[in-house]
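In the two complexes below, subunit A is the common chain; its partner is subunit B in one and subunit C in the other.
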Partner chain A sequence: MVKAAITTPAATNPFIPFPFVVMSRRRETRDTVTLRLRPLRNVRLLAQPGQFMMLSVIGVGEVPISVSGLPRRPGELEHTIRAVGSVTRHLVALRPGDYIGVRGPFGTSWPLQLAHGQDVLLIAGGLGFAPLRSALLSILRERWRYRQVIALYGARSPTDLLYRRDLSRWQQRPDLVLRMTVDHPDQYWRGQVGVVPNLIRQVAAFFEPANTIAMICGPEIMMRFTIRELQKHGVPDEHIFLSLERNMQCAIGLCGHCQLGPFFLCKDGPVLPYSRLAPFSDIREF
Partner chain B sequence: MPEAVVVEASQLANLLAALQARKYRVIGPTVRDGAIIYDDLTTVSDLPVGWTDEQEAGEYRLRRRDDGAYFGYAVGPYAWKRFLHPSPFTLWRARRTPDGVIVELTDAEPSRFAFLGVRPCDLAAIGILDRVLRDGPYVDPSYRDRRDHVFIVTVQCANFSPSTCFCVSMGTGPRAENGFDLALTELLDPGSHRFLVEIGSERGAEILRELAHRPASASDWETATRLVHKTAARMGRQLEVRGLPEALLANLEHHRWDHVAARCLTCGNCTMVCPTCFCFSVEDRSDLTGSVIERVRTADVCFTTAFTYTAGKSLRQSARSRYRQWLTHKLATWVTQFGTFGCVGCGRCITWCPVGIDITEEAAAISGLTRKDERP
Partner chain C sequence: MSDRELEEFLAVHPFTADLDESQRARLAKQARLAHYQPDEYLIQEGRPADAFYLIVQGLVSIELFVPGHGPRPLQTVEGGSAVGWSWMLAPSRWEFDARALERTTAVVFDAERLRALLLEDCCLGLRLVQRLLFLVTERLRAARLQLLDLYGPPRER
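After this line comes the complex of A and B, so read on.
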């Protein structure tokens, strides 16, 4: 863990991370935390909802993590991280006052402006709620710009739900339709059981397909069936936006790892309309 | 006709000296381990004088020529990316000190290279790397710093490998029209060994002034042109590139992918010898005490399962999917990304494939586009 401050050269080089300090750490689930970060120097890496940053644990490595919240003060960042590999294990173990390196922001953002005056469907599976949370917070902050706002969220089990404090607050809002489902309920679960696409049918009365912008992030299989369900309801492909994840080592379209057909997901994505992805979406292992 | 002069072969030493005097690190062909290898040149005798190469799918062999040609071979396993886009490369270094972690850039003074003996196909490959690493929205500073200073001496292609080269199909050779500082055509007649030298830049003209030369005559031009024409005419291997990207992307589930995957060892040799393959990985390396840490970039290969490792699993687990990624990137999606094919027709991937997989054969079979008259 980096307990001491990080000093970086002034020269502009896209591979040099900026030093940030952990302000707070909130445990979301057994293996997932949300960190709030503040720049050590007067740098402002201003990320839009949907974009991601490269988070560095110096000596361990670097990973792409999307922004999951909005800054309370300009320049602050919020990231939700699940311990999956060596770098993310170190990231979730960080404590307030620890230092990390940050590069970014990178990639495309959610089409919030396009959604002005439209119905908005946010559909999240598992950790996929992290990039959508920043979109939802942004939408709720300017709620008057949008028509119906519907958030659908599926998790493996009730204990896997992220942002539980937010969820209970959001459930009280009359201007937000929030539906949750889990695969494996426990004895206290009073929500839906089953997969996320099933929820779309239940909220079909709330949105007008031709005037709906859908934003989806979750496991590949969940996204696949969600798209199919949206298409059945008549949401056009160019209104369905996905956030995709791939191995990323540079975040600036140079390392080649994140390619999906013609796209470098780090710079052409991670958020792309389904209309552009459709030619490749059914090609296994592409 | 571009501006050109003729120099005697003996002037090559003066060219080398002129470049060295300008503090260039001169890289050119040498013979090592039974292959033509691009390496530091100290004297003209480091060049592969009197050597040629014989290449077939999965085969490479050096042979003696019966003359003293300096550039009498096609291409070896090395590409110029080794110098412009080196691997491993330290992106930055961090030191843990009592005052905290100090991150420093390490690439303060990159080498100023002069490349002697750049084939037109390889020159085109450098142009492709420019688009990928230097001319896009994001710039790789280490590539730019090397590339912007490099002095290029091209050698127009009078020698080629009949069974592996296909630069004519890719439009990258056998003659380079620009992009070089100087371009040589080696003219070897009984009793006369000379170079036609085309001038591609002011820097090139300046160097040339230090070499004894005479204006190129019409007959010098004719000899040089004939050599290059002969190369083009005798190039047997072809690839139909019109409509190729669309045809490949329309056949992503073609059974031929299974067929080639059954032979492909996924060793990645093709990507390592490819002059345009640029992919890399980044990892942190530290000393035993953890007090000095380097973030290091190393060349990576889309033929490994680790290449697409994402959140706990590899996205391309089958050999079929990895070969398909490589070939469709080279010949289809690269065009969308960078406005050019990712292939220059140098034939290295064919020669250095241990099982002799031929990119032109696979692309033709999968795209359904037939090649024109095939020669033996």
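After this line comes the complex of A and C, so read on.
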């Protein structure tokens, strides 16, 4: 039997999207869903946690979206999308069986190999949990490679928490320290209320700052305050990695939409160590 | 609970850990250990601000009671932090409630005796006031960030 050739993006034009079909759709919150996608052709767009794909809806447009899960079968993709504008609203409305265009993967990934043998601190705010979820799933799959694994997650309110089924499973794991907080609790919430940087002090006993790799994703102000807190605890700048999810367009470092200092965030990022960004941190846009 | 045991709590609590041993010993003399069950109040709005709480273990909600809605939590405070600064500005009353969300243990200082001690030992006084200022700054920063509604949809922010 002749096996169909597997197409990889290296062999193709990065501007041409591949057709994918929506396999499942899970509602996370009022405005956010997680889609599982399968390629229609025999393509493998192998994305690493932290990287993003360009998802397109014909006649509407194309947007960068991080991978939020690990493929259950080769070639599958998982994305968590929040409806904020025209393209994302269409993506969120897709149903199983609908088609979608995908190109990628693009950008840098979380430094999972660098974190081998280290304590790992994943810090997510809001939708920033999407790219960190794929990192956390990958870490938990090879849990023995890491020392302490700590995940901190802040959301607007209890109903805005993503991945609730994962969260309750992860809370039972003895090999994961998970802390959550919300800004605006409802009457049923019995957990923490306040901002994510406050959680760092609470878990300080679990990590050794010099041997910790921190990965942060969330609104930029939240990341700024989180970095300061990590610095106070002695985590070196070169161990602090951020995902900067700026508005971008071409995804291959041509158009300049996502430029920050000398970086084109679509190709030099979105994941960058703070030590490289620090010289530009006086740019008001950061 | 003996003074010695209280000193041991103060030796590991972040608020007092780096004070001199003699300063901690003096503080321990003004303190007692207290336990709170879930939903028990440490502090109630409007009552005299007569104590200072170092939370050893547990979770405490700082909140306001809104008629028709019940308690509205604003921030939570966990083991290793402190609750209440109104006692410094005597005579004063609590402006918020503080309610245990979990079983909570706290080292509780009598405000009047603590104020007297801090006036008598100005060096200890200054060190505690600096720590309280740090606490107030931290809570203010957190409250300001919460106000920004950082995680809201882009257009609503």
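Quick note on the criterion: the second predicted complex is superposed on the first by the 273 of 286 C-alpha atoms of A that agree within 3 Å, B and C clash if a C-alpha of one lies under 4 Å from a C-alpha of the other, contacts with A are read in each partner's own complex, and residues count from 1 in each chain.
Criterion: contacts are C-beta pairs under 8 Å (C-beta built on N, C-alpha and C of every residue); 3 or more make two chains touch, one makes a residue touch a chain.
Not measured: the values here are computed from a predicted model.
A.B. asks: State whether A:Val84 touches subunit B only (first), subunit C only (second), both chains, or neither.
C.D. replies: Both subunit B and subunit C are touched by A:Val84.
A.B. asks: Looking only at contacts as defined up top, I'd like to know whether subunit B or subunit C touches more of subunit A.
C.D. replies: In the superposed model, B touches more residues of subunit A.
A.B. asks: Now for A:Arg169: first (subunit B), second (subunit C), both, or neither, which partner does it touch?
C.D. replies: neither
A.B. asks: In the overlaid three-chain picture, which partner chain does A:Val193 touch, first (subunit B) or second (subunit C), both, or neither?
C.D. replies: second
A.B. asks: Once the structures are superposed on A, label A:Arg143 by its partner contacts, choosing first (subunit B), second (subunit C), both or neither.
C.D. replies: A:Arg143 sits against neither subunit B nor subunit C.
A.B. asks: Touching subunit B and also subunit C: which subunit A residues?
C.D. replies: Overlap of subunit B and subunit C footprints on subunit A: residues 84.
A.B. asks: For subunit A, which residues are in contact with subunit B within the complex?
C.D. replies: Going through subunit A, the ones touching subunit B are 2, 4-9, 11, 13-17, 58-62, 84-85, 99, 101, 245-247, 249-250, 252-257, 259, 261-262, 264, 267, 279-280, 283-286.
A.B. asks: Under the definition above, what is the set of subunit B residues touching subunit A in their complex?
C.D. replies: Residue list for subunit B touching subunit A: 91-92, 94, 96-105, 132-133, 136-141, 249, 252-253, 278-284, 286, 290, 293, 295, 300, 302, 307-312, 315-318, 320-321, 324-325, 328-329, 333, 336-337.
A.B. asks: Which part of subunit C faces subunit A closely enough to touch in the complex?
C.D. replies: Answer in residue numbers: 14, 59, 61, 69-70, 73-76, 78-81, 101-102, 138, 141-142, 145-146, 148-155.
A.B. asks: Which of the residues in subunit A end up touching subunit C in this complex?
C.D. replies: So the residues of subunit A touching subunit C come out as 31, 82, 84, 125-127, 154-156, 160, 181, 183-185, 187, 189-195, 197-198, 201-202, 218-219, 221-222, 225.
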